[in-house]
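Each of the next two complexes has chain A plus one other chain: chain B in the first, chain C in the second.
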Partner chain A sequence: MNETSGSVLDILKSMLSSENLSKILSVASIVVLSLVFVAINPRFMVSRNITNILNDMSPLWVMACGVAFVLMLSSIDLSLGSIASCSAVMLTVLFNSIGPGAYIVVIIYGMLAGLINGMLHTYLKIPSFIATLCTQSIWQSVALLISGAKPLPMLPPVWPYIEWVKITFGVVPILFIISFLLMLLYTVIQKKTKVGRTMLALGENESAARLIGLNINQAKITAFFLSGIAASVGGIIFAVKLKSGIPTVGAQYNLMAIASAALGGVALSGGKGDILMTIIGAGLIIIIQNGMNVIAVDGYWQQIVFGALVLIAIYMNADHNRRDLVVK
Partner chain B sequence: MEKKQYTSPIAEEFAYEMRRQTRKAKIINYAPVGVLAFFFALLSAIAPGFLSLYNFRTILNQLSVPLVMTMGLTFVILLGCTDLSGEGLGGFCGCLVTLLVINTKNANDFGAPAFLIAICCGLAVGLFSGFIHVKGKIPSFMVTYAISSIMSGFAVMSYRGQPAMAKDPLLTKITSGSVLGIPYLTVASLLVFVAAFFLQNYTRFGAYVMAIGDNEAVARNTGVNVDRIKMKVFIWAGFCIGVSGVISAIRVARGDVGLGKDTVFPAITAVVVGGTTLTGGKGGVVNSLVGALIVTIINNGLILMGVNMYIRSALQGVIIIIAVALSVNRGKKVIVK
Partner chain C sequence: MGKNILFTARNITKKYPGTMALKDVSAELFSGEVVGLVGENGAGKSTLLKIIMGNEQPTEGVMTMHGIPFAPKTPIEANNMGVGMVFQEQSLIQNLTVGQNIFFGMEDKYTRFCVLNKRKMHEDASRILEDMRLNHIRADRKVSSLEFATRQMVEICKVFHVVKRSGLDSCLILLDEPTSVLSDGEVRNLFENIRLITAEGHTVIFVSHRLDEVLEISDRIIVFKDGEKVDEVLTAEADESILYEKMVGRTASGEYYKVSDQVEPGGEVLLETRDLGRRGYFRNVNLTLHAGEILGICGVVGSGKEDLCAVLCGDESPTSGQLLVRGEGKKFGAPQAALKNGILSIPKERREESIIASASVSENIAMSNFGNISKIGLISKKLEKAQAENYRGKMHIRASSLDQKVGFLSGGNAQKVVFARALASDADILILNHPTRGVDVGAKEEIYSLIRSLAVQGKGCVLLGDTLDECIGLSNRLLVMKDGEVTRECDASPGNKPEQVDIVKYMM
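And now, the complex of A and B:
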């Protein structure tokens, strides 16, 4: 409840300050869809379901925050989902051997995976979508190999390590607080640090950014690095929430995270975007998903809806005025 | 000669540089063939049963799907674009075929025209993604990635609970038949290759694709209808994906959405390993044939050696990274997104 009204305020503000169509439409659709779902099934607005929505939203939001950095460069990170899956599996396996230290190891893994993406892209000059498509396949394979291609359950001895997940503050679950904190951190990085500003600058015009002496490679690698961390945090959230390491858990979140960022106003052509606004996109997607479950729509419709949603969101953010723009 | 370099006139230096570059280009052009020969020799030596008539037939069988996919993708990549829709679209076309021939789900019996309908569907979806890419100015990989998700949604919709099994005797006839020892399905894929070869080398369309891939702005300014050519390329890619989906469906006789699953990645590997650059304008369908052969025999060899399938797909990722890293233009001013 808090969340929906909060985003309504956000949208009113942004309507006054900027003419950002996709954000306004996203918030409007959140409101309309919520009403529609409530009308069809009043249980949609029960406090348990709101906790549910916030819980479901947290991994997606975290990943959207990460990928937003990469999208601002006008690059892309398709390896998010696999890094998340791999993190979930690793966490489950490592709990048995090193206990709570597994959290740290998994986050370090996320950092490394992000760094690898960034370095492949910057130093080897491999287009980001192909580099991350390859690492996606690699990490997916690693996740399947570690888990033996089946979901790994977390056994009762490790339950104390994940006990904290059940904490809620009113209707707000702790996982949501965690993703909120990560979002705050990422917003500070984007707005207040030189690296963060450089990312936007080079997304807008890379040659100009290079000419005025900004450290391009550092900014690019940092973006992928942050995206990697976000993906591994997303993976941790999946694992603790489901009490198991499912080797394909993140697969569909690639598209959903990109869609969230795009719906929140990040342009795929780079140089435009705001980490904070990813909440609108993530909120909309999860409300659609949850609402479809609540009103009992078949699961395969979700893939169709999300695919279409990505296209619409990106189309709305694209710059249609530059006729000479070469889009590949 | 080397000592004189500094004192020689500029023209001579230029000629020397040009000779060096053509030599380098020649080596790069033939590198994929060398790689193919190397892997063939290596696998003959280490993979048990690789060098046998039976295995060659298997390789020909395994070649058909990657070859068709590669033929579609080659043109897209020559433009500098990408088509990732194979995963969902291939699965969808496969599901569609099994629903149209005699099957366990419904009373349809279209026979051979079913293949045509499915391929036309692939073609139409290709047109759709091309249209969105060109008119919406959305990067092609993003469009096709989203389309892939949409189409796999539709594919899953086709089987409520359980995929359809095809019962048509036509399918078994096709899978078991062969001409001169070459299975029918491989013949079909080779026909697609011949069509692609013709398109690339003997039509204006092929020349335009090369020109656009090399420098889109110049092509546009010289009056080439870039948008229309791009859409045609995506239609061709959709056609190829449709054919590959139909081939895989005929082979397994089951309308599974997973039919398209592991086809895109090997196809990109094949195109890149064959020497077509991702930035566009360089390479071609013959390169891709060599690339498809490389990918197929490596895969076949690894299967014969009993390597885990997940390691195989991870290896493909590593191979692409290496191939792209070797082939990209690493000038300082090049902007890679």
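And now, the complex of A and C:
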């Protein structure tokens, strides 16, 4: 009797080890919060709202998958929000001139923006914090310039290009399926390719990764590249969902995407994380946001909640035995 | 000058995980004498100095200073008790002037209304420099604009000043390899200053690899080997050959290093260098490494052997000469490029340079060659596991499972993982940089067998041994380096192994 309770305790203890703590707490919070929101407003759980939540989650989840790679290197990407804004605006404008080909052009833009971040960081040896802070400012301004600093509506002639957005499979909207497919692709890259392994290794111990003979620069650039693609896909989702290109639509998503990755167990000190788990973080954040809307919490208060959430998530994932805390 | 006891150490022991840095060391120092410490790298000299300075705490043992118990926790506590040290790596602040460095931490005297009177500080500093006959150094120059050797003299001057200023009758000054960058003239000057301050009753501990200097300046010499104090001799009764013999001690039997398994190298030349050099580190190195050969490189710290290794494995670039792999000239931009040419290093600092602590055993083994475990470009978990299982059996890696993180393995097992990775990499030129560092005795023997089997398979190894004995025992041929140059090359085939004493002569 005692033995079994002892082993159950051990299992609980190992589950609660710092490594899994944030993931378990996130899942628990999702369950608890959902119950709380349902208790306050039963409409939270209707299928219409679930579809809403999954739709809202899609751009955040996509961007979290991308930035997770960068965070695993112990670097940071602050530009993904404005790359997303810029993508949304570009898609809206390009629909008018080149039609559906705009999707491809925008994704190519995301690739280039990511490559630029990666090359600034590796070849010019600019810390990623500074490099992406600057590109953030640049892409934000480009988005404002293209759009004339106002939201651009998608006019009826281009509606056929975004008709597909309305497709749902039961309660699951197609945008969520797209996010899921991108996550799958990114998981394969992380777990099954040399470059994915290199990213984790160099996040943990860069000098060892170098001496082992791994291609450090390639891995760093790839991480920013994947983050750039994810940001542009996020921007596309914003645009087709809202039927307009809003030049500041991605701004607040920087913090939320980093928070999603951290809540899903990616350590900002690098070397630790799992792309798959970003769903927990993105889910939690959107449920909190949606729930706060459903129970009518003021929008400014919501931002305070998110700020606090990021701090808690990062604290839980930090390796507290480490003396230094470096963001490269 | 009376024979007052200034400092005593009783049964000082220092354990690090996996190794004993100091074993039961006791010593007495008298006022006004110069004591030389000699021993090979890793013999425990630096550890003892760090303990006296409060940088490290002894695991066991007690010290006294001026007859009262002395257990400094920080260098500042040690300073207050009249102990000062010149570190092997310089500790001056580069962007301050010479004067500001000398009075660092004592600016109160020159401060009025929070403003520093630099002119007065520099005048006083000039006087201190003059006292030490260093008139040519200007007190208002920035340290960063001085030559390395001059900086060393400033540092020594600063420590002498701190000690004199403490006002104690006798102080203890620790000099850790102070002469390695100094010119002959500067060494003369340093010795004069040492004599001056010892005449005032202060005591100096002098550590150097240059035995002639130790013999010249010290009154007594303490010899260390493998963390133990093996002897204490009066300088008048010692000469270089006596010291050499005491330093190297016993030689392990050939069986220990599996000399019977040593193979005759094949004819194929894997690696060759022609007048290879890296400015400021080493120059004109010519070596050839054949298939199946273990080429040992001996030398003290700073002899350039580590830097040579870094160049061979692509971590640093040479500034002159040529590097040929299988007869073709190559230039490596990074270790990755060296690996493509079949060169991989097993670095010295395992935790910092060779293992990915948060990755599993099987992931670590796979890291230098993904080709073995990939199908159509994607990693197969099954192949990865099978490869790791294979090496775990062959090399007796003790891990609870192959998914265990390497950071939790013991030093010996982690090193076996590193070797497994090297084997899996298919590299045929291995740079073994202290392959048995921090590894327990049992694992050491297994690693020796492994290195022998590498040679049997026709791989070429460049070896930097953890001890000189190990380097001689394992190698087919030896290169001895000193001050960045190869001073001797000799054969070390079975039955023809040179004595340690013969090698040490060319190292120091």
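Rule of thumb we're sticking to: the second predicted complex is superposed on the first by the 303 of 328 C-alpha atoms of A that agree within 3 Å, B and C clash if a C-alpha of one lies under 4 Å from a C-alpha of the other, contacts with A are read in each partner's own complex, and residues count from 1 in each chain.
Quick note on the criterion: a contact is a pair of C-beta atoms (placed from the backbone, for glycine too) under 8 Å apart; a residue touches a chain by one contact, two chains touch by 3 or more.
No experiment lies behind these values; they were computed from the predicted model shown.
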{"item": "Room on chain A for both chain B and chain C (clash or fit)", "value": "fit"}
{"item": "First, second, both or neither for A:119, with chain B first and chain C second", "value": "neither"}
{"item": "Partner chain in contact with A:111 - chain B first, chain C second, else both or neither", "value": "neither"}
{"item": "Partner chain(s) touched by A:38 [first = chain B, second = chain C, both, neither]", "value": "neither"}
{"item": "Partner chain in contact with A:297 - chain B first, chain C second, else both or neither", "value": "neither"}
{"item": "Contacts of A:207 with chain B and chain C, given as first, second, both or neither", "value": "both"}
{"item": "Which superposed partner A:191 touches (first chain B, second chain C, both, neither)", "value": "second"}
{"item": "First, second, both or neither for A:93, with chain B first and chain C second", "value": "neither"}
{"item": "Contacts of A:242 with chain B and chain C, given as first, second, both or neither", "value": "neither"}
{"item": "Of chain B and chain C, the chain that contacts the larger number of chain A residues", "value": "B"}
{"item": "Superposition-derived minimum Cα distance between chain C and chain B (Å)", "value": "5"}
{"item": "Contacts on chain A seen with chain B and repeated with chain C across the two complexes", "value": "207"}
{"item": "In the complex, chain B residues that touch chain A", "value": "79-82, 84, 132-133, 136-143, 145-150, 152-154, 156-157, 216-217, 265, 268, 272, 278-280, 308, 310-311, 313-314, 316-318, 320-321, 324-325, 328-330, 333-337"}
{"item": "Chain C to chain A touching residues, read off their complex", "value": "313, 315, 334-336, 338-339, 344-345, 347, 352-359, 363, 366-368, 370, 374, 377-379, 421, 425"}
{"item": "In the complex with chain B, residue positions of chain A that touch it", "value": "73-76, 78, 120-121, 124-131, 133-138, 140-142, 144-145, 149, 206-207, 252, 255, 258, 268, 270, 298-304, 306-308, 310-311, 314-315, 318-320, 324-328"}
{"item": "Interface residues, chain A side, partner chain C - complex", "value": "188, 191-194, 197, 200-201, 204-205, 207-216, 271-272"}
